[in-house]
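Before I ask anything, here is the structure I am working with.
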Amino acid sequence: MVLKTRTYHDPLHGAITLDRADPVEALLVELIDTSVFQRLRRIRQLGPASLTFHGAESSRFTHSLGVMAIARRAFDRLAAIYPELGDYRAAVLCAALLHDIGHGPFSHTAEEVFGSHHEHWTAQILELSAEVRGLLDGFSADLRPEIHQIYQHQHPVPCVWQLVSSQLDCDRIDYLMRDSYFTGASYGQLDLDRIILALDYDPASQQLIVAKKGLGAIEHYLVVRYFMYAQIYNHPKNLVATWVLEKAINQAKKLLSAGSLKADATMAAWLTHAVDELPLDRYLAQDDYVLHYHLQQWQTHSDPILADLCQRFVNRQLLKATDISHYPYLRQMEILSAAQCQAYGLVADTDIYVGLRHIRNRGYALYQQGIKLKTPDGLTEISQLSPLVQTLIQPCHRTWLIHPAELPVAEIL
Amino acid sequence: MVLKTRTYHDPLHGAITLDRADPVEALLVELIDTSVFQRLRRIRQLGPASLTFHGAESSRFTHSLGVMAIARRAFDRLAAIYPELGDYRAAVLCAALLHDIGHGPFSHTAEEVFGSHHEHWTAQILELSAEVRGLLDGFSADLRPEIHQIYQHQHPVPCVWQLVSSQLDCDRIDYLMRDSYFTGASYGQLDLDRIILALDYDPASQQLIVAKKGLGAIEHYLVVRYFMYAQIYNHPKNLVATWVLEKAINQAKKLLSAGSLKADATMAAWLTHAVDELPLDRYLAQDDYVLHYHLQQWQTHSDPILADLCQRFVNRQLLKATDISHYPYLRQMEILSAAQCQAYGLVADTDIYVGLRHIRNRGYALYQQGIKLKTPDGLTEISQLSPLVQTLIQPCHRTWLIHPAELPVAEIL
Amino acid sequence: MVLKTRTYHDPLHGAITLDRADPVEALLVELIDTSVFQRLRRIRQLGPASLTFHGAESSRFTHSLGVMAIARRAFDRLAAIYPELGDYRAAVLCAALLHDIGHGPFSHTAEEVFGSHHEHWTAQILELSAEVRGLLDGFSADLRPEIHQIYQHQHPVPCVWQLVSSQLDCDRIDYLMRDSYFTGASYGQLDLDRIILALDYDPASQQLIVAKKGLGAIEHYLVVRYFMYAQIYNHPKNLVATWVLEKAINQAKKLLSAGSLKADATMAAWLTHAVDELPLDRYLAQDDYVLHYHLQQWQTHSDPILADLCQRFVNRQLLKATDISHYPYLRQMEILSAAQCQAYGLVADTDIYVGLRHIRNRGYALYQQGIKLKTPDGLTEISQLSPLVQTLIQPCHRTWLIHPAELPVAEIL
Amino acid sequence: MVLKTRTYHDPLHGAITLDRADPVEALLVELIDTSVFQRLRRIRQLGPASLTFHGAESSRFTHSLGVMAIARRAFDRLAAIYPELGDYRAAVLCAALLHDIGHGPFSHTAEEVFGSHHEHWTAQILELSAEVRGLLDGFSADLRPEIHQIYQHQHPVPCVWQLVSSQLDCDRIDYLMRDSYFTGASYGQLDLDRIILALDYDPASQQLIVAKKGLGAIEHYLVVRYFMYAQIYNHPKNLVATWVLEKAINQAKKLLSAGSLKADATMAAWLTHAVDELPLDRYLAQDDYVLHYHLQQWQTHSDPILADLCQRFVNRQLLKATDISHYPYLRQMEILSAAQCQAYGLVADTDIYVGLRHIRNRGYALYQQGIKLKTPDGLTEISQLSPLVQTLIQPCHRTWLIHPAELPVAEIL
């Protein structure tokens, strides 16, 4: 009996036990053991956010296990009530486990910097990774197509993809809980039990819906999401770290094409090609270790801009962000010009060291079919029932002036 | 006012606020901002333990902040009662913050593999890092010598070094709490408030002691330490990961000296010299990223042993460990021989793939002056008052046979 | 040293240590030890809410310690920055500790049922309790008047009363945290450290204000308050329990005045007089034990209505509440009439067993001067800066039809 | 679907959902709703311990739900592996839920004071309570006899009673976790997931056993139990509270038999009869409210001893306990005599106000068949495998001198 189970002790979900006597769970164990999945250990969940919230050091590996664990709880409870869902267990759990397998270095940060898309690579891995494809096809010929359908929101039973990827999916639930736990932002704590109990299935439309008495739990989840974005994910120091990284990579691209940069084959390929068009092996060879290794090496490069940007990133001597959201657009442009004038002579390139970053933050959006509640009058969009959610739809905009800490920007505001 | 404080939000200790209007805390902020201290972000607290406990991904940076935070609480409480301690605040807090600054890649794991000593490098950094030495000497000429005294257990007031490094120090308290939090091993939770309240100072001997009513809290702390070593730190999968890494590094050394290995200047220096004799810059250039980067590169090396060992480590396809503790020594030797015979032909080198690891686990030791309680009869060693602690002194030995998973060792046991 | 401190180990705030060498904290210890304060152990924080949330069994005693602990943290931090506040420490901490000392049985529930006001009795106790008054006057002649000023929001330094009783006071912070902890409603968890750091003092207006960067923490606190009211405090089962209790007390009053009820002197006084006009001793003699004891006794009374209502309350065989909020007012009245017709013959008195309860829930109100943020343009009301808080001002109304479970109300809806 | 479940939100175990479509769980809901079970809301889990640890205010009701929740998790996991256990589900869950239904006021404290036995009354309730007996017999004619077998450790399948009542049962697990949570003694936290995973079933002996790899989790549980007894349950203030209560009850008995005490019929019956011989109704009419109500009334009794003892208990002006464990037995007797001499004239009765209390604390005992581990050599008693558990077998004795706080006992020690 002991040999037939594999247990992961998770700080959030406790013991996640997979039972290898169950064919679906045996498959999950084998998927976890592939080198492609193990690679997620080398990709930080929140990219450079640990420079701001020092506890945010956990990986996509950890998060992916958590999403699968939540999906199993939610799915198994619904399937016990609605046995017609039972056939989709393998697809839901594999899709939950593998949803982030295509992520690159620093997760979303690299996507911004390199213009890549992890969803593209997740799909590619299903097709082209011999390990992963072999396991899925060995289980059932239908499984791989079904997982694709889930990721493309085209599965004939909407509930199946909604559990994995929607406004109320197991992915979001896990990352909010996990990022709250690791950053110590206790306002991010969710009431997972109440959320799971709030989830229901509507046989008529085959959608994942929310039971009316679960409204409060879901309102709370959406508010927490808003707070986590406002306070953690969009923290100005994160914007600045991404800015510095982006400028460093752009500078590295220039130097490489000019023949004056050392980079290994993986890094060189990433700097010279559209990343989403690379061969799979080249894509997978990149991760936090490879990227960060190069940044460390380039700290002593002869190009002063590249060297400086890499030192700033590696040693956390970042630029500063000053909130100028309360000024009108034209005034913001003037401030930018004035700051670049101030910076002239102080920095090697004012466009690199001084700039604007605009972010838009909202807790809820109506795309992806939103979230439906079961009311006596049928299914109703949650934002029509909750003034709080209605408020969260309004985006909150902020504009930051990014500049070196020593620039006296107070003078021009 | 806002500009005068720096706050680190820690998942364990909450808001750690440093007040820059206080000269000691201003110094702490500046020390944290040095590149030498920031380097600790690139060194995992528990080395490869996240291969076994996936949540164990946090860094020495995070831990070092925590030790300083606990030391500040403990010290400030004692200094309020015993004002004669007040002069040592800077030394205690700096020593707490910097105590791990000399750690190398994968923390203790690298020490085992490379034969280095982080204490040596902590001392070297105080002397030779211009940033760190400059800040300390700028604060006071006595500070640096005093910190050395603390690390060498030679400070004239024993309480001062005991807070930082003893059987009951702020270092141990933080790592037990933190590793418990991140691995999800809830038995590791300490009652920090009760421990802090248990600490007392004995003006006669100038030692850190435990108030009699604090016996229970300290017994509990020692038992937790025992459990964390038995269940987490000495988990057989950790032993195996260290084994694989050690064999890979040894193989790399051989190949490098034979001229058939590619390594950057840092890695090459580490492979060809006694690490503790390297120049400081070379030592500091090494970290988890650099070491792991090379392991990843070597996965495709033409030497099959190096390539295989690196693949095993990177992709977590480790060897297996079978407990043979219950056999007498000679029988263990026979089992080793028999297993190596089984492996002959299956693996490239039986000494590398089959071996024994012996570990000794105990929760309490009498060195470093132990832990003293204040009783009506004077100071008494805690093990004389607590049968539980007396038991923890007895070491618990275990012997593991390390071997490839496919070896049918059951046949020879 | 040990003898000079008193430590309360609190599940939320950890060790709350009072230092008797400090005159203010010595006074707090003596106040806690009075029989009037100890009486709070016999008064449940959430009245009959444990009938709905079984963990909600904690007392006003526990909460009062917590409010004092938070007030001490918040005040001491502000007073370190603004030394002019230092003089008010005794007043703030005593007012925080004693703010609920006037509560009667089942806290707010008894106020609804008996029409009493705990604020009135808190003030009376300061004046008329020899123990409490003696301690306060023994500390300083100004202390008692100052505490009254705090409770009446008339203290010359508004910050002083705002810490104890305002839209953002230590009372609310503790009860939200505590009720969340004990009911297991994890969405109620606050980030106390961030809230404490968000609090600031405005020397010009002498008000408690919020630093601009603390906006998120305070928004979160207000949202949590909304959720706790919506989900916990105003849960329909709580409304029903209060309804049953109120009807039982009214019936007991009738029977007592008719000479056909047995009650001890305390209970008789409460049933026959305006409670706020009772002598202090009579008021204080009443608590959860005395009230509940009588309800238990009356379960076997010969009056079938009183006996039934008491049995329902004691054995948690409550009435049911059906949400009819979505109907217009006139339709709600019709439903009430129809339900009373249904009940005719089934219950002894349709007005007692069938009725409407209306509640209004909102997370934020502008009275008590609201909550001010420090912005570049001066102090600004938080609702003008936060769309989320603006939404919380809108009250949310709900109407419940209360009726016996066996009534087929579905037929009339 | 919603109507078919009942959910209890528990601060420790999260949502405990009972599914009324399952006949066993429907029965559990009906048992919870009986007045006999609801009575447990009026009985504090830890008697007067909240006088020492203010958070310890939770009831037997809360604990009983928790025991059932843990038993369900443990049982359902074992029954999935060993289907032959499936038939015992109703018996195990009902026995877990009802195991404490016979407790009287202040739980174990009343047993000490009145000489009653809750196990006796639990058995009586199964036989004599029409509600409970009716529900059990209505489910199956075998159920009631089976539950009796569990309580008497005579069920033919030992695993069945061991889950409910043994050295490693769901009762102990819940109360350790719960008392730790409510008192804030964080060292009491258990790793429930690891304990559940450690439990196994031995088909040969039909016993509940521990898997070898679960040794650590069970060692930890036993150590925690030791700490909770040493620090919480046997805290000297608890001993003193029980002492005062016992003396008050004895005094009340004397006064009642002399015709000079007012007590209601329930209280009078308890004071004048052997409690275990009372009729069931009389027994059940007693609870914390009734007992405490009388203590409050007796505070103003004309007998100065009764009045004083009741005031001490109600207002927490308890006696003091001084540890004299380190003296030999004869010296302890001398100290007692000397203290009584000191007290002569100060107190109304030296035997009541001065005395000795002896307690014996141990973490593990070999009775009830102990705890067995599965090793290659068969089932082995845990204490033979763990030096730590071996140590916990040794009882730890302490002797306390109980005396009024104002007695100068330091002079005679």
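A, B, C and D are the chain letters, set down in written order, and residue numbers restart from 1 in every chain.
The rule is short, and it goes like this: a residue touches a chain if its C-beta (ideal position, glycine included) is under 8 Å from a C-beta of that chain, and two chains touch if they have at least 3 such contacts.
In this text, all values refer to a predicted model and were calculated from it rather than measured experimentally.
Interface repeat of C-D: among A-B, A-D or B-C, over half of the contact pairs recur, by residue number, only in A-B.
The most distant chain from chain D, with centres taken as the mean of CA atoms, is A. Spacing of chain A relative to chain D, judged by their CA centroids, is 49 angstrom. With centres set at the average Cα position, the gap from chain A to chain C is 42 Å. Residue positions of chain C touching 2 or more other chains, listed in rising order: 9, 14, 185, 194.
Contact residues on chain D toward chain C in their complex (touch as defined above): 8-12, 14, 33, 35, 38, 41-42, 50-51, 53-55, 57-59, 61-62, 65, 181-185, 264, 285, 288-290, 292-293, 296-297, 311, 314-317.
Within the complex formed with chain A, the residues of chain C that make contact are 185-187, 189-191, 194, 216-217, 219-220, 223, 226-227, 230-231, 326, 387-388, 390-392, 394, 396. Those residues of chain D that touch chain A in the shared complex are 1-2, 7, 9, 14-15, 17, 81, 192-194, 196-197, 200, 211, 213.
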